[in-house]
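In what follows, structures are represented as C-alpha coordinates.
Across the two complexes that follow, subunit A remains constant while its partner is subunit B and subsequently subunit C.
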Partner chain A sequence: MSDTVSIVIVSHSQDVAKGAADMVREMVGDEVNVAFCGGNPDGGLGTSVQRIIDAIEAVWSPKGVAILVDLGGAETNSEMAVEMLPPQRRAVVVVCNAPIVEGAVMAATEAAGGSPLERVRAVAEELSAS
Partner chain B sequence: MLAHAVGMHARPAVKLTKLAKRFSARIAVRVAGAVDWIDAKSIAKVMAMRAAPDSIIEFEASGADARAAVDALIMLIAQDFPDVGR
Partner chain C sequence: MPLDQAHLRRLIAAAAEQVIASAPELTALDQAIGDGDHGINMKRGFEAVLGKIDAIASQPPGDAFKTVGKTLVMTVGGASGPLYGSFFMAFGDAINRGKQLPEELAELFASGIEAVSARGRSKAGEKTMLDVLVPVLETLRAEAGRPDLMRRACVAASEAVEKTAPMLATKGRASYLGARSIGHIDPGARSSCVLVHAICTALENAP
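Right, the complex of A and B next:
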(Lines of atoms letter the chains of each structure in order from A and count residues from 1; the text may use other names and numbers.)
(Lines give C-alpha, C1' and ligand atoms only; values in the text may rest on other atoms or scores of the structure.)
Protein backbone atom coordinates (compact mmCIF):
# COMPACT_ATOMS: atom_id res chain seq x y z
CA MET A 1 0.00 0.00 0.00
CA SER A 2 3.04 2.25 -0.08
CA ASP A 3 2.06 3.28 -3.62
CA THR A 4 -0.74 5.48 -2.29
CA VAL A 5 -0.76 8.65 -0.22
CA SER A 6 -1.61 7.90 3.43
CA ILE A 7 -4.10 9.77 5.60
CA VAL A 8 -3.65 10.98 9.19
CA ILE A 9 -6.65 12.27 11.15
CA VAL A 10 -5.99 14.62 14.09
CA SER A 11 -8.90 15.62 16.32
CA HIS A 12 -9.16 17.01 19.84
CA SER A 13 -11.31 13.97 20.57
CA GLN A 14 -10.07 10.40 20.29
CA ASP A 15 -13.65 9.34 19.52
CA VAL A 16 -14.02 11.81 16.65
CA ALA A 17 -10.64 10.81 15.23
CA LYS A 18 -11.46 7.12 15.43
CA GLY A 19 -14.93 7.64 13.98
CA ALA A 20 -13.55 9.55 11.01
CA ALA A 21 -10.94 6.84 10.42
CA ASP A 22 -13.66 4.17 10.60
CA MET A 23 -15.65 6.02 7.95
CA VAL A 24 -12.64 6.14 5.66
CA ARG A 25 -11.90 2.44 6.08
CA GLU A 26 -15.50 1.39 5.55
CA MET A 27 -16.37 3.73 2.69
CA VAL A 28 -13.13 3.81 0.77
CA GLY A 29 -11.57 0.47 1.68
CA ASP A 30 -8.17 -0.62 2.83
CA GLU A 31 -5.95 0.32 -0.11
CA VAL A 32 -5.17 3.58 1.70
CA ASN A 33 -3.42 3.52 5.08
CA VAL A 34 -5.16 5.64 7.71
CA ALA A 35 -3.88 6.59 11.15
CA PHE A 36 -5.64 8.74 13.73
CA CYS A 37 -4.90 10.42 17.03
CA GLY A 38 -6.87 12.57 19.41
CA GLY A 39 -6.99 13.60 23.02
CA ASN A 40 -4.22 14.62 25.37
CA PRO A 41 -2.07 12.13 27.33
CA ASP A 42 -4.36 12.56 30.37
CA GLY A 43 -7.35 11.25 28.44
CA GLY A 44 -9.01 14.65 28.00
CA LEU A 45 -9.66 16.68 24.90
CA GLY A 46 -6.59 17.99 23.12
CA THR A 47 -3.85 17.10 20.69
CA SER A 48 -0.28 16.01 21.21
CA VAL A 49 2.62 16.73 18.89
CA GLN A 50 4.28 13.43 19.72
CA ARG A 51 1.12 11.45 18.98
CA ILE A 52 0.77 13.21 15.65
CA ILE A 53 4.39 12.36 14.79
CA ASP A 54 3.76 8.74 15.78
CA ALA A 55 0.64 8.61 13.60
CA ILE A 56 2.54 9.99 10.61
CA GLU A 57 5.33 7.46 11.10
CA ALA A 58 2.80 4.62 11.51
CA VAL A 59 1.40 5.09 8.00
CA TRP A 60 4.46 6.56 6.34
CA SER A 61 4.38 6.33 2.54
CA PRO A 62 7.00 7.59 0.09
CA LYS A 63 4.10 9.11 -1.87
CA GLY A 64 3.32 11.31 1.12
CA VAL A 65 0.90 11.83 3.98
CA ALA A 66 -2.15 14.11 4.02
CA ILE A 67 -3.23 15.29 7.48
CA LEU A 68 -6.84 16.25 8.26
CA VAL A 69 -7.44 18.30 11.41
CA ASP A 70 -10.38 19.76 13.31
CA LEU A 71 -9.83 22.97 15.27
CA GLY A 72 -7.06 25.40 16.23
CA GLY A 73 -4.54 23.39 18.22
CA ALA A 74 -4.97 20.34 16.01
CA GLU A 75 -3.73 22.43 13.12
CA THR A 76 -0.87 24.20 14.90
CA ASN A 77 0.30 20.99 16.58
CA SER A 78 0.14 19.16 13.25
CA GLU A 79 2.25 21.86 11.65
CA MET A 80 4.71 21.55 14.54
CA ALA A 81 4.80 17.78 14.12
CA VAL A 82 5.56 18.17 10.41
CA GLU A 83 8.40 20.57 11.21
CA MET A 84 9.93 18.02 13.56
CA LEU A 85 10.09 15.31 10.89
CA PRO A 86 13.36 14.65 9.06
CA PRO A 87 13.65 17.17 6.18
CA GLN A 88 13.19 14.61 3.40
CA ARG A 89 9.93 13.45 4.99
CA ARG A 90 8.74 16.93 5.86
CA ALA A 91 8.63 17.74 2.15
CA VAL A 92 5.89 15.20 1.47
CA VAL A 93 3.54 15.79 4.42
CA VAL A 94 0.77 18.37 4.15
CA VAL A 95 -1.93 19.67 6.49
CA CYS A 96 -5.14 20.03 4.48
CA ASN A 97 -7.46 22.98 4.88
CA ALA A 98 -10.65 20.91 4.84
CA PRO A 99 -13.44 19.64 7.10
CA ILE A 100 -12.04 16.68 9.00
CA VAL A 101 -14.58 13.94 8.19
CA GLU A 102 -15.55 14.91 4.66
CA GLY A 103 -11.98 15.85 3.83
CA ALA A 104 -10.65 12.51 5.07
CA VAL A 105 -13.15 10.49 3.00
CA MET A 106 -12.55 12.53 -0.14
CA ALA A 107 -8.77 12.64 0.25
CA ALA A 108 -8.73 8.86 0.74
CA THR A 109 -10.97 8.32 -2.29
CA GLU A 110 -8.55 10.33 -4.41
CA ALA A 111 -5.52 8.63 -2.86
CA ALA A 112 -6.98 5.17 -3.56
CA GLY A 113 -6.62 5.83 -7.29
CA GLY A 114 -2.89 6.42 -6.85
CA SER A 115 -3.02 10.21 -7.17
CA PRO A 116 -0.02 12.29 -6.06
CA LEU A 117 -0.08 14.22 -2.77
CA GLU A 118 -0.85 17.62 -4.29
CA ARG A 119 -3.88 16.18 -6.09
CA VAL A 120 -5.11 14.48 -2.91
CA ARG A 121 -4.79 17.75 -1.03
CA ALA A 122 -6.58 19.69 -3.76
CA VAL A 123 -9.53 17.30 -3.71
CA ALA A 124 -9.87 17.57 0.08
CA GLU A 125 -9.63 21.36 -0.11
CA GLU A 126 -12.24 21.56 -2.88
CA LEU A 127 -14.79 21.42 -0.07
CA SER A 128 -13.55 24.63 1.53
CA ALA A 129 -13.16 26.47 -1.77
CA SER A 130 -16.81 26.24 -2.78
CA MET B 1 -28.70 5.19 -18.89
CA LEU B 2 -29.75 3.19 -15.94
CA ALA B 3 -32.20 3.29 -13.07
CA HIS B 4 -30.81 2.54 -9.64
CA ALA B 5 -32.47 1.64 -6.40
CA VAL B 6 -30.23 3.08 -3.72
CA GLY B 7 -29.74 6.76 -4.48
CA MET B 8 -26.41 8.56 -4.66
CA HIS B 9 -25.37 8.60 -1.03
CA ALA B 10 -21.80 8.88 0.22
CA ARG B 11 -20.90 5.22 -0.11
CA PRO B 12 -22.16 4.76 -3.69
CA ALA B 13 -20.49 8.04 -4.65
CA VAL B 14 -17.13 6.79 -3.41
CA LYS B 15 -17.59 3.51 -5.29
CA LEU B 16 -18.59 5.21 -8.51
CA THR B 17 -15.64 7.61 -8.37
CA LYS B 18 -13.12 4.91 -7.48
CA LEU B 19 -14.31 2.77 -10.39
CA ALA B 20 -14.27 5.69 -12.83
CA LYS B 21 -10.69 6.51 -11.86
CA ARG B 22 -9.53 3.08 -12.99
CA PHE B 23 -10.12 4.12 -16.60
CA SER B 24 -8.17 6.61 -18.66
CA ALA B 25 -11.28 7.78 -20.53
CA ARG B 26 -12.87 11.10 -19.71
CA ILE B 27 -16.14 10.15 -18.03
CA ALA B 28 -19.08 12.44 -17.36
CA VAL B 29 -22.16 11.59 -15.33
CA ARG B 30 -25.48 13.27 -14.58
CA VAL B 31 -28.93 12.61 -13.29
CA ALA B 32 -31.21 12.44 -16.32
CA GLY B 33 -32.61 15.87 -17.02
CA ALA B 34 -29.83 17.76 -15.23
CA VAL B 35 -28.30 20.55 -17.28
CA ASP B 36 -24.67 19.97 -16.36
CA TRP B 37 -22.50 16.92 -16.77
CA ILE B 38 -20.26 16.14 -13.81
CA ASP B 39 -16.74 14.73 -13.90
CA ALA B 40 -17.27 11.15 -12.68
CA LYS B 41 -13.72 11.11 -11.28
CA SER B 42 -14.36 14.06 -8.95
CA ILE B 43 -15.53 12.71 -5.61
CA ALA B 44 -16.66 16.13 -4.37
CA LYS B 45 -18.85 16.66 -7.43
CA VAL B 46 -20.26 13.13 -7.54
CA MET B 47 -21.11 13.28 -3.85
CA ALA B 48 -22.93 16.55 -4.40
CA MET B 49 -24.93 15.08 -7.30
CA ARG B 50 -27.90 14.11 -5.12
CA ALA B 51 -29.41 11.44 -7.30
CA ALA B 52 -32.60 10.21 -5.68
CA PRO B 53 -33.38 6.49 -5.50
CA ASP B 54 -34.85 5.18 -8.77
CA SER B 55 -33.63 8.18 -10.74
CA ILE B 56 -31.93 7.63 -14.07
CA ILE B 57 -28.16 8.09 -14.22
CA GLU B 58 -26.52 8.93 -17.54
CA PHE B 59 -22.89 8.45 -18.51
CA GLU B 60 -20.90 9.91 -21.36
CA ALA B 61 -17.32 8.84 -21.96
CA SER B 62 -14.60 9.44 -24.50
CA GLY B 63 -11.19 7.87 -24.86
CA ALA B 64 -9.62 4.51 -25.61
CA ASP B 65 -11.37 2.57 -22.84
CA ALA B 66 -14.61 4.58 -22.87
CA ARG B 67 -16.80 1.60 -23.75
CA ALA B 68 -15.31 -0.57 -21.00
CA ALA B 69 -15.65 2.28 -18.52
CA VAL B 70 -19.34 2.82 -19.22
CA ASP B 71 -20.01 -0.94 -19.16
CA ALA B 72 -18.31 -1.23 -15.76
CA LEU B 73 -20.16 1.77 -14.33
CA ILE B 74 -23.51 0.48 -15.57
CA MET B 75 -22.72 -2.88 -14.00
CA LEU B 76 -21.91 -1.17 -10.68
CA ILE B 77 -25.25 0.60 -10.67
CA ALA B 78 -27.21 -2.40 -11.97
CA GLN B 79 -25.92 -4.39 -9.03
CA ASP B 80 -26.82 -1.57 -6.61
CA PHE B 81 -23.23 -0.78 -5.65
CA PRO B 82 -22.09 -4.09 -4.18
CA ASP B 83 -19.05 -4.33 -1.91
CA VAL B 84 -16.44 -5.62 -4.31
CA GLY B 85 -12.70 -5.39 -4.64
CA ARG B 86 -12.21 -4.75 -0.96
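Right, the complex of A and C next:
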Protein backbone atom coordinates (compact mmCIF):
# COMPACT_ATOMS: atom_id res chain seq x y z
CA MET A 1 0.00 0.00 0.00
CA SER A 2 1.44 3.36 -0.92
CA ASP A 3 -1.39 5.88 -0.75
CA THR A 4 -0.34 6.95 2.74
CA VAL A 5 2.84 8.44 4.13
CA SER A 6 5.08 5.68 5.56
CA ILE A 7 6.88 5.74 8.89
CA VAL A 8 10.48 4.75 9.66
CA ILE A 9 11.61 4.39 13.27
CA VAL A 10 15.36 4.71 13.97
CA SER A 11 16.69 3.95 17.43
CA HIS A 12 20.14 3.14 18.81
CA SER A 13 18.54 -0.10 19.98
CA GLN A 14 16.88 -2.61 17.68
CA ASP A 15 14.63 -3.58 20.61
CA VAL A 16 13.46 0.00 21.18
CA ALA A 17 12.84 0.46 17.45
CA LYS A 18 10.87 -2.77 17.23
CA GLY A 19 8.91 -1.95 20.36
CA ALA A 20 7.93 1.45 19.02
CA ALA A 21 6.89 -0.12 15.69
CA ASP A 22 4.81 -2.72 17.58
CA MET A 23 3.03 0.07 19.43
CA VAL A 24 2.24 1.85 16.17
CA ARG A 25 0.76 -1.32 14.68
CA GLU A 26 -1.24 -2.00 17.83
CA MET A 27 -2.59 1.53 18.12
CA VAL A 28 -2.92 2.57 14.48
CA GLY A 29 -3.28 -0.67 12.57
CA ASP A 30 -1.80 -1.80 9.29
CA GLU A 31 -2.98 0.93 6.93
CA VAL A 32 0.35 2.67 7.33
CA ASN A 33 3.59 0.94 6.42
CA VAL A 34 6.11 1.08 9.26
CA ALA A 35 9.75 0.06 9.08
CA PHE A 36 12.24 0.16 11.92
CA CYS A 37 15.96 -0.25 12.43
CA GLY A 38 18.41 -0.05 15.28
CA GLY A 39 22.00 -0.93 15.99
CA ASN A 40 25.34 0.12 14.55
CA PRO A 41 26.93 -1.68 11.56
CA ASP A 42 28.32 -4.32 13.97
CA GLY A 43 24.95 -4.86 15.64
CA GLY A 44 25.82 -3.05 18.89
CA LEU A 45 23.96 0.01 20.17
CA GLY A 46 24.05 2.79 17.61
CA THR A 47 22.66 3.46 14.15
CA SER A 48 23.68 2.52 10.64
CA VAL A 49 23.19 4.70 7.58
CA GLN A 50 22.80 1.63 5.36
CA ARG A 51 20.11 0.13 7.58
CA ILE A 52 18.26 3.44 7.60
CA ILE A 53 18.40 3.62 3.80
CA ASP A 54 17.15 0.02 3.61
CA ALA A 55 14.29 0.79 5.99
CA ILE A 56 13.23 3.82 3.92
CA GLU A 57 13.32 1.75 0.73
CA ALA A 58 11.36 -1.07 2.38
CA VAL A 59 8.33 1.14 3.03
CA TRP A 60 8.82 3.60 0.18
CA SER A 61 5.67 5.57 -0.66
CA PRO A 62 5.29 8.29 -3.29
CA LYS A 63 3.43 10.28 -0.63
CA GLY A 64 6.60 10.35 1.42
CA VAL A 65 8.32 8.88 4.45
CA ALA A 66 8.48 10.39 7.95
CA ILE A 67 11.43 9.28 10.10
CA LEU A 68 11.30 9.27 13.90
CA VAL A 69 14.62 9.08 15.78
CA ASP A 70 15.83 8.79 19.35
CA LEU A 71 19.20 10.37 20.25
CA GLY A 72 21.82 12.52 18.49
CA GLY A 73 23.54 10.01 16.22
CA ALA A 74 20.23 8.57 15.05
CA GLU A 75 19.25 12.02 13.80
CA THR A 76 22.60 12.76 12.15
CA ASN A 77 22.72 9.34 10.50
CA SER A 78 19.10 9.64 9.34
CA GLU A 79 19.81 13.03 7.75
CA MET A 80 22.85 11.48 6.04
CA ALA A 81 20.75 8.55 4.82
CA VAL A 82 18.16 10.94 3.33
CA GLU A 83 20.90 12.81 1.48
CA MET A 84 22.17 9.58 -0.01
CA LEU A 85 18.78 8.74 -1.57
CA PRO A 86 18.15 9.50 -5.25
CA PRO A 87 17.30 13.24 -5.59
CA GLN A 88 13.63 12.73 -6.49
CA ARG A 89 13.09 10.61 -3.36
CA ARG A 90 15.13 12.86 -1.07
CA ALA A 91 12.54 15.62 -1.45
CA VAL A 92 9.76 13.58 0.18
CA VAL A 93 11.58 12.11 3.19
CA VAL A 94 11.72 14.09 6.43
CA VAL A 95 13.32 13.56 9.83
CA CYS A 96 10.81 14.65 12.48
CA ASN A 97 11.87 16.60 15.53
CA ALA A 98 9.66 14.62 17.91
CA PRO A 99 9.88 12.02 20.68
CA ILE A 100 10.33 8.63 19.05
CA VAL A 101 7.42 6.61 20.47
CA GLU A 102 4.79 9.32 20.78
CA GLY A 103 5.95 10.89 17.53
CA ALA A 104 5.68 7.59 15.64
CA VAL A 105 2.17 6.92 16.96
CA MET A 106 0.96 10.45 16.21
CA ALA A 107 2.60 10.53 12.77
CA ALA A 108 1.13 7.15 11.86
CA THR A 109 -2.31 8.16 13.09
CA GLU A 110 -2.21 11.27 10.92
CA ALA A 111 -0.79 9.34 7.96
CA ALA A 112 -3.55 6.71 8.24
CA GLY A 113 -6.08 9.43 7.45
CA GLY A 114 -4.31 10.13 4.17
CA SER A 115 -2.67 13.39 5.21
CA PRO A 116 0.24 14.78 3.21
CA LEU A 117 3.81 14.49 4.51
CA GLU A 118 4.03 18.05 5.83
CA ARG A 119 0.87 17.55 7.91
CA VAL A 120 2.16 14.23 9.26
CA ARG A 121 5.40 15.86 10.25
CA ALA A 122 3.68 18.87 11.83
CA VAL A 123 1.46 16.66 13.99
CA ALA A 124 4.46 14.68 15.26
CA GLU A 125 6.43 17.85 15.90
CA GLU A 126 3.63 19.48 17.89
CA LEU A 127 4.72 17.09 20.65
CA SER A 128 8.03 18.96 20.89
CA ALA A 129 6.57 22.45 20.85
CA SER A 130 5.78 22.87 24.52
CA MET B 1 53.92 19.22 -6.33
CA PRO B 2 50.79 17.13 -5.83
CA LEU B 3 50.83 14.07 -3.65
CA ASP B 4 51.92 10.87 -5.35
CA GLN B 5 50.04 7.64 -4.77
CA ALA B 6 52.46 6.19 -2.22
CA HIS B 7 52.39 9.37 -0.20
CA LEU B 8 48.61 9.56 -0.31
CA ARG B 9 48.47 5.98 0.94
CA ARG B 10 50.84 6.75 3.82
CA LEU B 11 48.81 9.80 4.79
CA ILE B 12 45.47 8.01 4.89
CA ALA B 13 46.95 4.93 6.58
CA ALA B 14 48.64 7.08 9.24
CA ALA B 15 45.38 8.91 9.94
CA ALA B 16 43.52 5.62 10.30
CA GLU B 17 46.20 3.94 12.42
CA GLN B 18 46.47 6.87 14.80
CA VAL B 19 42.73 7.15 15.30
CA ILE B 20 42.58 3.39 15.96
CA ALA B 21 45.45 3.67 18.46
CA SER B 22 43.68 6.51 20.26
CA ALA B 23 40.38 4.61 20.58
CA PRO B 24 40.77 3.76 24.29
CA GLU B 25 41.46 7.41 25.13
CA LEU B 26 38.52 8.62 23.00
CA THR B 27 36.24 6.15 24.70
CA ALA B 28 37.41 7.26 28.15
CA LEU B 29 36.75 10.91 27.27
CA ASP B 30 33.34 10.03 25.86
CA GLN B 31 32.40 8.04 28.96
CA ALA B 32 32.86 11.26 30.95
CA ILE B 33 30.51 13.46 28.92
CA GLY B 34 28.93 11.33 26.17
CA ASP B 35 27.70 7.79 25.70
CA GLY B 36 31.14 6.19 25.68
CA ASP B 37 31.14 4.90 22.11
CA HIS B 38 33.28 7.49 20.31
CA GLY B 39 36.48 5.40 20.46
CA ILE B 40 34.88 2.16 19.34
CA ASN B 41 32.89 3.91 16.61
CA MET B 42 35.91 5.74 15.19
CA LYS B 43 37.94 2.53 15.41
CA ARG B 44 35.29 0.63 13.44
CA GLY B 45 35.21 3.34 10.78
CA PHE B 46 38.94 3.68 10.31
CA GLU B 47 39.48 -0.09 10.37
CA ALA B 48 37.08 -0.20 7.42
CA VAL B 49 39.21 2.49 5.73
CA LEU B 50 42.40 0.50 6.37
CA GLY B 51 40.68 -2.63 5.06
CA LYS B 52 40.39 -1.06 1.62
CA ILE B 53 43.45 1.17 1.71
CA ASP B 54 44.84 -0.31 -1.53
CA ALA B 55 41.66 0.46 -3.44
CA ILE B 56 41.46 3.92 -1.87
CA ALA B 57 45.06 4.84 -2.62
CA SER B 58 44.73 3.73 -6.24
CA GLN B 59 42.11 6.45 -6.81
CA PRO B 60 42.96 10.06 -7.69
CA PRO B 61 43.39 12.06 -4.44
CA GLY B 62 39.99 13.77 -4.56
CA ASP B 63 38.15 10.49 -5.06
CA ALA B 64 40.32 8.79 -2.44
CA PHE B 65 39.26 11.27 0.25
CA LYS B 66 35.63 10.99 -0.85
CA THR B 67 35.84 7.21 -0.45
CA VAL B 68 37.34 7.66 3.01
CA GLY B 69 34.40 9.92 3.90
CA LYS B 70 31.78 7.59 2.48
CA THR B 71 33.34 4.63 4.29
CA LEU B 72 33.16 6.50 7.59
CA VAL B 73 29.52 7.42 6.95
CA MET B 74 28.59 3.81 6.32
CA THR B 75 30.58 2.14 9.11
CA VAL B 76 31.02 4.41 12.13
CA GLY B 77 27.50 4.00 13.53
CA GLY B 78 27.34 7.24 15.51
CA ALA B 79 27.00 10.93 14.72
CA SER B 80 30.76 11.11 14.19
CA GLY B 81 30.30 9.02 11.00
CA PRO B 82 28.36 11.65 9.06
CA LEU B 83 30.41 14.45 10.67
CA TYR B 84 33.87 13.12 9.77
CA GLY B 85 32.43 11.56 6.64
CA SER B 86 31.15 14.94 5.46
CA PHE B 87 34.53 16.50 6.29
CA PHE B 88 36.44 14.07 4.08
CA MET B 89 33.84 14.05 1.30
CA ALA B 90 33.97 17.87 1.12
CA PHE B 91 37.79 17.74 1.33
CA GLY B 92 37.80 15.35 -1.65
CA ASP B 93 35.24 17.43 -3.55
CA ALA B 94 37.45 20.50 -3.13
CA ILE B 95 40.42 18.60 -4.57
CA ASN B 96 38.25 17.49 -7.49
CA ARG B 97 37.31 21.14 -8.06
CA GLY B 98 40.98 21.91 -8.57
CA LYS B 99 42.36 22.73 -5.11
CA GLN B 100 45.82 21.31 -4.61
CA LEU B 101 47.04 19.12 -1.79
CA PRO B 102 49.27 20.01 -0.03
CA GLU B 103 49.61 23.58 -1.40
CA GLU B 104 46.02 24.61 -0.67
CA LEU B 105 45.51 22.59 2.51
CA ALA B 106 43.86 25.59 4.18
CA GLU B 107 41.20 25.82 1.48
CA LEU B 108 40.58 22.07 1.65
CA PHE B 109 40.22 22.34 5.40
CA ALA B 110 37.80 25.23 4.99
CA SER B 111 35.59 23.13 2.71
CA GLY B 112 35.63 20.28 5.22
CA ILE B 113 34.78 22.58 8.10
CA GLU B 114 31.89 24.10 6.18
CA ALA B 115 30.45 20.62 5.66
CA VAL B 116 30.86 19.65 9.33
CA SER B 117 29.24 22.89 10.42
CA ALA B 118 26.27 22.35 8.10
CA ARG B 119 25.86 18.68 9.05
CA GLY B 120 25.98 19.39 12.79
CA ARG B 121 24.25 22.78 12.56
CA SER B 122 27.02 24.05 14.82
CA LYS B 123 29.89 26.51 14.96
CA ALA B 124 33.09 26.97 16.94
CA GLY B 125 32.65 27.64 20.67
CA GLU B 126 30.11 24.87 21.29
CA LYS B 127 32.61 22.28 22.57
CA THR B 128 32.80 20.12 19.46
CA MET B 129 35.33 18.96 16.87
CA LEU B 130 34.99 22.41 15.27
CA ASP B 131 36.83 23.86 18.27
CA VAL B 132 39.94 22.11 16.97
CA LEU B 133 39.33 22.29 13.22
CA VAL B 134 38.61 26.04 13.15
CA PRO B 135 41.74 27.11 15.14
CA VAL B 136 43.83 24.82 12.90
CA LEU B 137 42.36 26.53 9.82
CA GLU B 138 43.12 29.94 11.33
CA THR B 139 46.73 28.86 11.90
CA LEU B 140 47.04 27.45 8.37
CA ARG B 141 45.89 30.82 7.02
CA ALA B 142 47.73 33.13 9.42
CA GLU B 143 51.04 31.30 9.24
CA ALA B 144 50.90 30.36 5.55
CA GLY B 145 54.29 30.15 3.89
CA ARG B 146 56.28 29.37 7.02
CA PRO B 147 58.59 26.37 6.65
CA ASP B 148 57.30 24.87 9.90
CA LEU B 149 53.62 25.42 9.11
CA MET B 150 52.67 21.77 9.63
CA ARG B 151 54.27 21.79 13.10
CA ARG B 152 52.40 24.96 13.94
CA ALA B 153 49.13 23.42 12.84
CA CYS B 154 49.78 20.45 15.16
CA VAL B 155 50.55 22.76 18.08
CA ALA B 156 47.38 24.75 17.35
CA ALA B 157 45.36 21.52 17.41
CA SER B 158 46.85 20.37 20.72
CA GLU B 159 46.28 23.75 22.36
CA ALA B 160 42.74 23.93 21.02
CA VAL B 161 41.82 20.54 22.51
CA GLU B 162 42.74 21.74 25.99
CA LYS B 163 40.64 24.87 25.51
CA THR B 164 37.50 22.73 25.09
CA ALA B 165 37.69 21.64 28.75
CA PRO B 166 36.21 24.82 30.28
CA MET B 167 33.60 25.16 27.52
CA LEU B 168 29.90 24.49 28.06
CA ALA B 169 28.58 21.94 25.57
CA THR B 170 25.50 23.12 23.70
CA LYS B 171 25.61 20.60 20.81
CA GLY B 172 25.85 16.85 20.72
CA ARG B 173 25.41 14.32 23.46
CA ALA B 174 27.46 16.29 26.00
CA SER B 175 24.89 19.10 25.85
CA TYR B 176 22.47 16.89 27.83
CA LEU B 177 24.87 17.24 30.75
CA GLY B 178 24.67 21.03 30.76
CA ALA B 179 27.16 22.56 33.19
CA ARG B 180 28.50 19.11 34.09
CA SER B 181 30.24 19.02 30.69
CA ILE B 182 32.53 21.77 31.96
CA GLY B 183 35.98 20.55 32.97
CA HIS B 184 36.15 17.69 30.47
CA ILE B 185 37.91 17.73 27.11
CA ASP B 186 35.54 17.11 24.22
CA PRO B 187 36.06 13.64 22.67
CA GLY B 188 35.34 14.91 19.14
CA ALA B 189 37.87 17.71 19.59
CA ARG B 190 40.40 15.09 20.67
CA SER B 191 39.77 12.83 17.66
CA SER B 192 40.06 15.86 15.37
CA CYS B 193 43.41 16.66 16.98
CA VAL B 194 44.60 13.09 16.34
CA LEU B 195 43.62 13.41 12.67
CA VAL B 196 45.25 16.84 12.29
CA HIS B 197 48.49 15.50 13.78
CA ALA B 198 48.46 12.46 11.51
CA ILE B 199 47.69 14.41 8.34
CA CYS B 200 50.03 17.33 8.99
CA THR B 201 52.89 15.03 10.04
CA ALA B 202 52.42 12.98 6.88
CA LEU B 203 52.49 16.17 4.78
CA GLU B 204 55.53 17.46 6.65
CA ASN B 205 57.39 14.27 5.79
CA ALA B 206 56.55 14.57 2.11
CA PRO B 207 59.35 13.38 -0.16
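To be clear about the criterion, the second predicted complex is superposed on the first by the 130 of 130 C-alpha atoms of A that agree within 3 Å, B and C clash if a C-alpha of one lies under 4 Å from a C-alpha of the other, contacts with A are read in each partner's own complex, and residues count from 1 in each chain.
Just so it is clear, a contact is a pair of C-beta atoms (placed from the backbone, for glycine too) under 8 Å apart; a residue touches a chain by one contact, two chains touch by 3 or more.
As the structure is a computational prediction, the values presented were derived from the model and not from experiment.
Q: In the superposed arrangement, does A:S61 touch subunit B (first), subunit C (second), both or neither?
A: Touch status of A:S61: no partner.
Q: In the overlay, answer first, second, both or neither for which of subunit B and subunit C A:M27 touches.
A: first
Q: In the superposed arrangement, which partner chain does A:S11 touch: subunit B (first), subunit C (second), both, or neither?
A: In the superposed model, A:S11 contacts neither subunit B nor subunit C.
Q: In the superposed arrangement, which partner chain does A:L127 touch: subunit B (first), subunit C (second), both, or neither?
A: First partner only.
Q: Based on the superposed arrangement, let me know which partner A:G113 touches: subunit B (first), subunit C (second), both, or neither?
A: first
Q: Can you tell me whether subunit B or subunit C touches more residues on subunit A?
A: Between subunit B and subunit C, the winner on subunit A residue contacts is C.
Q: Check the residue A:V105 against both partner chains and state whether it touches subunit B (first), subunit C (second), both, or neither.
A: first
Q: Any idea which subunit A residues touch subunit C in the complex?
A: Those in contact with subunit C are residues 40-42, 44-50, 71-73, 75-77, 79-80, 84.
Q: Tell me, which parts of subunit C touch subunit A in their complex?
A: 35, 37, 40-41, 44, 73-83, 85-86, 119-120, 172-173
Q: Show me the residue ranges of subunit B that touch subunit A in the complex, using the header's touch definition.
A: It comes out as residues 10-11, 14, 17-18, 21-22, 41-44, 47, 85-86.
Q: Going by the contact rule at the top, pick out the subunit A residues touching subunit B in the complex.
A: Touch list, subunit A to subunit B: 27-30, 105-106, 109-110, 112-113, 123, 126-127, 130.
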